[in-house]
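In this document, chain identifiers A, B and C correspond to the written order of the chains, with residue numbering beginning at 1 in each.
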Amino acid sequence: MEMLGEAMISGIIMGSLFGAMAVGLTIIYGVIKMFNFAHGIIAILGAYLAWWLFSSVHLNLIGAIAFSFFLMLLVGILIFTLIIRVLLRTPRWPYSTIIASIGLGIFLQNLLLQIFGPRIKSMPVFFEGNIKVGGITIGWHEISLILIVLSLMLILRIFFKKTTLGNAMRAVAQSPEGAKIVGINTLKIFSYAYMMGIAVTGLSGVFLSTKCYVIPHRGWDWMVKGFIIVAFGGLGNVMGAYYAALLLGILEALVVTYVGTVWVWNFWFVSFLVILLIRPEGLLGGRMG
Amino acid sequence: MVLKTEGVSKYFGDLRAVDNVDLEIEEGEIYGIAGPNGAGKTTLFDVISGLWPPSSGKVIFKNDIISGLKPYQICHKGIARTFQISTVFATLTVLDNIKIGAVFGAKTKKLDSSHINEIIEFLGIQNKKDTIAQNLELYTIKLVMLAAALATDCKLLLLDEPMAGLTIAEIDNFLQIIRKMNKEWGITIVIIEHLIDTLIDISDRIIILDGGKVIYKGLPEELTKDKKVIEVYLGKGEE
Amino acid sequence: MLNKIGWKKMAIWLSLLVIVLYPVFFHSNSYIMHIFILFFCWAVLASSWNLLFGYAGIWSLAQVGVFVIGAYSSGMMAKFTGISPLICIPLAAILTALIVTLFVGLPSLRLKGIYICVFSLMFADALPSVLTQTRKWTGGGRGFHDIPPLWNNISRVHYYYVGFAIFLISLFIIYKIVNSSTGKAFIALRDSRDFALSLGINEYKERLKVFALSSFFAGLAGAFYGHYLGHISPSSLGISPFLLAIAMMEMGGLGRFPGAVIGAVVLVFGSELLRLTGMSRLTILGAAVVLIMLFMPKGLMQIVDIIDNIKLRKNAIIK
């Protein structure tokens, strides 16, 4: 029973973290309809920036995270302006963006490797100590992570439902032509969505780096997990990605506890296959919101 | 009777794009379809040609039920179509575009180059044969689309707004082509057209769709007298 | 028109002649011969990928995995059964085509564009873990060693010519496919799916065909590669070969015929030069992939087009 409880808790934590990462992916896909194949390394980049600001520039923890978020917004607008915008103007954009973002991801990955070296980086935990509930030990840090991600999701939800920009993004997501007709500058919305997606992803990387170690080439695995989560939740569905991540996180933890770690990757593959064959539009459908 | 639909409907979620449509199309006629935007005309074509299976109802072609068949099977039965949005194979030459129809569309699977030449001459695109399709202008693109459809050896041809965006002279040419195909080649034609006068001019019979439903079925001459049609379609001003 | 074919043909024959004669003159320099053999494998791999990705427009990212499957299956067949590798190589290619068509091709019939990307990527990513779990036979993470050579006491020159033969035959068949009605059907489905369907193309059949064909050639190249090197390991499934193959396909020109071969020439020899720069090889390659997409979206075939245009223009002036 305790084993089950612990598996559930760790599943919820990892699910929350990967959910936050997958949300960035789904925002970018939902609005621009392009898959960001540099996604994993963007999360790693966020983590590295925060780590560098914290340990080398000696900002405090909150300052480092906030400043890295700001830097990631800049990274997002930079990539969008220099690469994505140019490619979106060509008729071949659906696959030229795929190939270009694969190239970009590997470029960034190796750039990070050269700058920071191959040693493992990780951020300190937010809160020390832990509590015991019915024989199960939970760290305060883990609890804070779950709550932070939950509030992040709520903020995003409010953003998409209540704000003008959020509504405009949803409009573009549903029909770029329609949005254009009612006078929305789609290119601008694309750039905001891309920036937002990148910044949220960077933030998720920071959170992930407090739970597990970070080296550049882990980004690829993270990204593939992100893809599966997004496919589960329905492409472009923000809350869907979060719920799917929680579900898959818990299932993965159960697999690790009761079946064995070697089977984890097969588990992800099979779940992806199953969802694609049964419900290609994802468990929760494919709408933004 | 060549083509018959019995209570054909197509739903997308709650939207009834095509709602309980009955059609009987006789061999050798030109059958016109009109209706406001979003009336379900193109969706009806999609259902007949098999791109979407109908949600309910039957499509019968020469006594065979064809609803539920794959598009290529329906094409082999002898139904071809063109598209409203000018779609050709942009990176292939005009000749290759037509060959696709001839090789894959005809049941025999044998390339009959004299038939292809006949089509090319009939449509007057001999000198464009080796042009890559993406470099063509709109009128020729429409002709290429038509040529590929003809190359499938079709008995029934569905034309989806073939004259949209053409100049008056081009429309006249196109109408002649349609009549010729109908008279000389014996191809039954179903045509969706926005310009109601053109449609009345060319069709033997007409139906009007609105909101997925048939609101008028009959001769073109009586169309302009029909109250319902005037109300939902013609009454909205010139289109 | 004649002029256009003339210079292209000349370039092709000239380069083939150089490749054929190379070992005759430089027999002693086995390093460059090695690079050439690698080039043969890569060129076939990249061309087979181009068939799937460029021509058919199916965005599968698993092609390097397909190559590795070919290497493993031929190597294991030859080692465990003792059958001559010369028979194992084509058998392995067929086996690879079967496996890939079954596990990637069939499920992907239900999938569209981007989902095929993700699905095929996952398929390739699942391979190392499959290899680990079957380490009794496959050697797991340490790799599969002692793959028998093509025949006993084989020298590198022989590998060179066998590789060259595989390269030529594969390229010739791919060229034939691309220009056949089957190849046109792939392009038709890519350019305008609905129109292609309405003209009688059986989408499922054509898509399975292109999966089978492209994985046959990738498996063939992989099988030869395994016997040549004598070992194969999951590290071949890493980022570096993946990126190299993508860059070849892209640099040559997606959906253009000798494109991927041209890409392979530039990148195989270029990446040997890049080796001198040490660790930054992947950084440069990654950046190159982005830059090519931005500034040369049609790849090096664009240069061929430009030369063609100049020729045509010249003709026009003379006339």
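Definition applied: a contact is a pair of C-beta atoms (placed from the backbone, for glycine too) under 8 Å apart; a residue touches a chain by one contact, two chains touch by 3 or more.
None of these values were measured; they are calculated from a predicted model.
Tell me the chain pair with the top count of C-beta pairs in contact.
After counting contacts between each pair of chains, the winner is A-C.
Please indicate which chain is farthest from chain A, where distance is taken between mean Cα coordinates of the chains.
The chain lying farthest from chain A is B.
Can you name the chain whose C-alpha mean lies closest to the mean of all the C-alpha atoms?
C
Using the average of all C-alpha atoms in each chain as its centre, how far is it in Å between chain B and chain C?
The answer is 42 Å.
Could you tell me the distance, in whole angstrom, between the mean C-alpha positions of chain A and chain C?
The computed centroid separation for chain A versus chain C comes out at 33 Å.
Can you give the whole-Å distance between the Cα centres of chain A and chain B?
Centre-to-centre distance between chain A and chain B: 47 Å.
In the complex formed with chain C, which residues of chain A make contact?
Listed in rising order, the residues are 29, 35, 83, 86-87, 90, 92, 94-96, 98-100, 102-111, 113-114, 217, 220-221, 224, 227-228, 231, 235, 262, 265-266, 268-269, 272-273, 276-277, 280.
Enumerate the contact residues on chain C facing chain A in the complex.
53, 57, 59, 107, 110-115, 117-119, 121-123, 125-126, 129-130, 132-133, 239, 243, 246-247, 250, 254, 279-280, 282-283, 285-290, 293-294, 297
Where on chain C does chain B make contact in their complex?
Where chain C meets chain B, its residues are 181, 184-185, 187-188, 191-192, 194-203, 255.
Mind listing the chain B positions that touch chain C in their complex?
Against chain C, chain B makes touches at 49-51, 70-72, 75-76, 80-81, 83, 87-92, 96, 99-101, 103-106, 111, 145, 148-149, 152.
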